[in-house]
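So that you can tell them apart, the chains are marked A, B, C and D in the order they are listed, and the count of residues begins at 1 in each.
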Amino acid sequence: MTELAQDKMTTLREFMAEVSNKDYAESYLIAVLHKTQELFGYVPRQVMDEASEALQIPTAHIWGVATFYHYFNLEPIGRHTISVCMGTACYVKGATQVLDVLKKELGVEVGKTTEDRLFTLQEARCLGACGIAPVIMIDDKIYGELDAKKTVEIINQYRKAAAESRKV
Amino acid sequence: MLTPLQAIKKKRAEAVNRIVSKGYLSTKRVYVGMATCEIAAGSKEVMDVFRQAIANGLTDVYLSQKGCAGRCNLEPTVEVVEEGKIPVKYGRVTPQRARDIVERHLKKGEIIAEWVI
Amino acid sequence: MSQMITITINGKDYRVEPNQTVMQAADTLGFKIPRLCYHPKLSIEGACRVCIVEVEGQRNFVASCAFPVSDGMKIKTNTHALRRARRDIVELIIDNHPMDCHTCERDGNCELQRLAASMGIRARHFAGERKRYEEDLSSEAVIRNPEKCILCGRCVRMCSEIQQVHNLTQAHRGFQTVVMPAYDLPMAESVCTACGQCINVCPTAAFVEKNYTQELFEQLNDPERVKVVQFAPSVRAAIGEAFGLPIGQNMEGQLIAALRKLGFDYVFDTQFGADLTIMEEANEFLERLQNKGTLPMITSCSSAWMKCLEQFYPDLIDNVSTCKSPMSMQGAMIKTYFADKMGIDPTKICSAAAMCCTAKKYEAERPELMFDGMRGVDVVVTTREIAWMIKSAGIDFVNIQPEKADHPLGLSSGAGAIFGATGGVMEAAIRTAYELYTGQTLVDIEVEGVRGLKGIKEGSLTMDGQEIRVAVAHGLGNACKLLEVVRQDPQRYHFIEIMGCPGGCVGGGGQPYAAINTIPLDDKALKKRAQALYDLDRGKTIRRSHDNPDVQKLYKEFLQHPLSSVSHKYLHTHYKAKLPKGIIPKEAKKIEVTQ
Amino acid sequence: MDVKETRYKLTLCDGTACIHNHSKAVQQALETELDKHGLKDSVSIHLSGCLGMCTKGPILIVNPGYIMYGRVQVEDVPEIVESHLVNNKAVTRLIITEDHLYNRFFRIFGDVDFFGKQMRIALRNCGIIDPENIDNYLSLRGYEALAKALETMTPGQVIEEVKKSGLRGRGGAGFPTGLKWEFTANQDSDEKYVICNADEGDPGAFMDRSAIEGDPHTVLEGMMIGGYAIGAGKGIIYIRAEYPLAIKRLEKAIASAREHGLLGENILGSDFAFDIEIRLGAGAFVCGEETALIHSIEGHRGMPRPRPPYPSVKGLFGKPTLINNVETWANIPVILLDGADWFNTVGTETSKGTKVFAVAGRVQNTGLVEVPMGTTLREIIYDICGGIPNGKRFKAVQTGGPSGGCLPEHYLDTEIDYESLAKAGSIMGSGGMIVIDEDSCMVSLARFFLEFTQDESCGKCTPCREGTKRMYEILTRITEGQGQPGDIEKLQRLGEMIKHSSLCGLGQSAPNPVLSTIENFREEYEEHIQDKKCRAGQCTALLSYTINDKCVGCGACKRVCPVNAIEGVRKEKHRILQEVCIRCGQCYEVCKFDAITKA
């Protein structure tokens, strides 16, 4: 396992120490997992081991919880996360086609990260931007009123930006 | 010791005072929709335009954010309220439109009819 | 006494106790509502939906295992709609099941099979994608096969509620739900204690023991080998069930005869090893007592408990007796004392053990228990496996003429027999320790206080004016509760017996599957098996381990005396803390941990 | 719309009671009078839905200024026009000064058609206040309902008032809110909890998000009143992690409320103590189910458990717990301030008050609407949301999200309430409303919902875990042209079984979209199975795009194709490579020569 950043671990340990003193401390497990993902982008196993100790929760239980909730990534993710909204409005307006184009273009299935670690493709429940359906969200930016072509263009923008930052 | 109702009325009076002291009684009040859907549609950039305009010397305007009124397909929305006049509600406001609203509506009092909801 | 209430089932009125579920009430009235995820010892899951019934006023069917009765309630258990829904539910389970019944270990013993048959499923309407998973063969003891899992959740509840090992969880969700250890670790790397209770409660073959019958058959066919077998006390009390005999029949003589027919050259009784254990353990206890050693002393016979200790209670390692288990002591004596006596090259011996336990497979592998570069036991098979071998070899087990075990490791006292029941080790140890310490004969040798299925049993006795406080726990969950007490109040007890399985070895993870119309780990069944051992004890003239003449002879000829250096070399060991992968108890942080 | 010319906007209540009180005659009189004064161009007349002031009707509102006149009779019209519209002097004797909370919204929005038939109770402040500034909320009688309860009402009286209001749970099932409060209040326990269920997860629904983002304090105030009524000291808001802005605003609102002594010990000087904590969901739809939600807050897998015991008896941490959803809580302050007697005049016999819907899909104006119960589907879809765009035909409306059903055209005049929707074969649900036009395939739609529910199934109970999977497989094969005779019957059989045998509401309602589309659109299923045809052209496996002889080789299709599936030389007939084509239909849309055949 790669070494986790120490300062982030310190922040996390402080958070765990804080909640472990509260009433029903074990109920803060999901909060700890959220904090972990916020810090690391995913939930590393080492953290689950530590959380087990801090909150006195069996690791199997933590694993059960971490795998139950789709919000949590259990593997490191790409530099950009593409969430394709599969809410009803987007679905009705062609979200599946957007998703198909992305799968084809990126060469990955939903939930996976591209080989160059640039993109992780995800499906999302309604992103709340139904007025401009179909939409995708890349990191925290929303792109709306998409069609296949526009989608590919957006992806290429990110690729270009990444290529340029490599040059620099 | 105040009773709860007395206490809340006092709080309300204080709240109103604070709002007024922030320029609520200005001639024009501008509200920019800032819910997730509005932000997704670009309302943050719109808000920035108005903020910038005030920073650049636009006066007599009270700027505030508001939640979503429910007009999803017309977002971002901006309202301009003038006392005694019918509130004007603009839809699909882009930063460019926002700049125009500043120039034409806020500065010159012209209602830009084609963008009104 | 609570007021009786009236309920109506299928149109007839009945008076029943309040504060119970529809299923419980129906059970007392002779209605056996079909069920699957329900187990009386585990919490209510309400998941399988097989036990649904109609209750007037309820919009939908309700799970009778969870729904409480109330006065005036009108219940239907057998309408057309219910039968059809249940049928479809069971069919849906089958549609996602390998359906390789004929080649499945549980064929004929499978609850799903029985259920499907009773539902009258004769065609499959909804077949579609079936889940595919690799079998986890990593563990020496417990095989996990998620493809056969029907997600009733009994194993998860057993592992966490009764055993409190918390090794298993349901991971992922929906159609992708799988039962697995944390991080999808292989069972061998998980905190699994190999107790095998998941196997006991699994309705299908999602958990089974690692099967060594083929290896053993091969060894038995090897003319170069001297084939030696030992069998645990509880095997004789339960193996009859595998042949359709009533629960609680002592089949010791038949088993010995059958083992010989299978090809074993020597059949020894692990009860001899139990007597030997008592000699060492009782003396160890007295030594600790007299020389202010670490107390309370905790027994070390149960291999699942040993793994639990290393992982979760490393701070209590010094409290645990250094004695090996009876099986390992016996194995050591087979390859040293016995081999020497018979002039056999110990490396030529195949030392097999028929055990009620799955964890013994794990124990046999442990390097800590090796001596002179050898393992004491080469192959461990469970009661289930040995029963199958007997069937497979065409031996008429039920009608076979009983025989007796071989010398010099086959004679046992009654104390060795009761090892198989919870409290038995304590009782046997008291019989010996008392007499060794006081020099007087213990008159009342049946220690009722430590018998029975109460989770934690406490008692005390006076030896030469000194009060000795003892405690007994069976099932790792009860053990955990007891050990928390010990952590908080180390002075409270002098001597503690812990058995990893509910009821002790009679409820071991290797015992025969529950027969039709019985419930796995049913208290009544556990009691009957234990009773068979207590009856065996009562029927013996020698009832104290130190009175066993073969044990005395062993000391005279080989071991010299209890706790001698020879004993230490072959009969004792030391356990080390393992890097825990479950909860790391806060107390354990100070303990040095090795990988 | 010509804004410059319009000086006044008149809104006349068009509710049943006002019509009964001759509002139509008033309207006529107004038109005549305006004509007389030559004001026809500068004054416009709008009709609104019931404004909830039936005892004072007919109601006429004049904007700007939001002057509300009550009991307007034909005789009053000349005076109103003369004095107010000509001379800009309001007619004081007719003005209603009653300060209702709900109608503030219309001071700003009363003139917009989209809001005309709406009535804003839960969303009364959304879109008109700054949600991040507690002063805004306080200035609009914020927390006055709490103060009123603390000062003038016993907990029992609060519960009585909520019961009397007829409010029912807005989360889906419509259980009477007051009864739920009473059950929880009756439990003897020194520790109780109040929970706000903000785990809104229906695809296409975003009412709760909007309500919290637009007016977070309303929810807090509702919860505090609930806490006071049942004797709870702690409230928890369980909200989806996918709503970062709503979470931020809640956090801010809680912090401001604490600063103002509205949360914590001795609230507003009383001896009532209450605090609120936020807990985040993590992407599991099933956590909207109350027992699953409780498990999730407790830090477990969000799996439901059998009820009873109900959360009101044994809820969070085993303690009595009151769970209501966002919209329900948002109604509470209004009920206390405007009174149950007023509240229960709004709505239908069995369903009181308003309901918020998130209207999406094929309508002109998508968005959030809050309408009185009893409003018809037609009014929402056509009058408020402007009907179907692009001249397409209405096909169905789906209410209740993945738990609901699809209602075809002949249900359009159904007056919405819990019972009528259930009777029609759908549910109220939490308020998702998806409008479907002729371009949507009903089998695909059913498949979409099943994909959702089977993906969100927690996996605990057999019918939902295995059954929805099988239904999804059958639907998939139908949409892929592999349907078999008997598939419809299998879907129905599985559907009925799952509905009646599943452990929780998610499973029990999961088959609804399938069962209702079979009920109402069976012929579409049959076409897919027997004729291998999808009339909406949505099932891509059942259609292909080819270029016919009308092609002039303009290259428009080639340019628009996202996957380069079209080849051809300029000015020559092009060709579509079927193995590359993803059937997105872009070429079909872009072709000006009708040269692409979709079949």
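The criterion applied here is as follows: a contact is a pair of C-beta atoms (placed from the backbone, for glycine too) under 8 Å apart; a residue touches a chain by one contact, two chains touch by 3 or more.
Source: prediction; values computed, not measured.
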item	value
Per-chain Cα centre nearest the global Cα centre, belonging to chain	A
Distance-maximising chain from chain A - centres being C-alpha averages	C
Centre distance in Å when chain A and chain D are each reduced to the mean of their C-alpha atoms	28
Distance from the mean Cα position of chain C to that of chain B, given in whole angstrom	73
Length of the line joining the C-alpha centres of chain C and chain D, rounded to whole Å	56
Centre distance in Å when chain A and chain C are each reduced to the mean of their C-alpha atoms	44
Chain D: positions in contact with at least two other chains	206, 209, 243, 284, 301, 360, 366-367, 458
For chain C, residues that touch 2 or more chains besides their own	170, 172-173
Touching two or more other chains - residue numbers and ranges from chain A	57, 61, 64, 68, 127-128, 130-131
Each pair of chains that touches, named by its two labels	A-B, A-C, A-D, B-D, C-D
Footprint of chain C on chain D - complex, ascending	284, 301, 305-306, 308, 454-463, 465-467, 469-470, 473-474, 490, 493-494, 497, 499-503, 508
Parts of chain D lying in touch with chain A, wherever the complex brings them together	201-206, 209, 241-243, 279-285, 296-303, 317, 358, 360-362, 366-367, 398, 401, 432, 434, 436, 440, 448, 458, 560, 562-563, 582, 584-586
Complex contact set, residues of chain C against chain D	44-50, 52, 60-63, 66-68, 81, 84-85, 88-89, 92-93, 95-96, 125-126, 128-129, 151, 153, 170, 172-177
Contact set on chain B toward chain D in their complex	1-5, 7-9, 11-12, 14-16, 18-19, 31, 33, 35-37, 39, 64-74, 79, 81, 84-89, 111, 113, 116-117
Residue ranges of chain A in contact with chain C within the complex	45, 48-49, 52-53, 56-64, 67-68
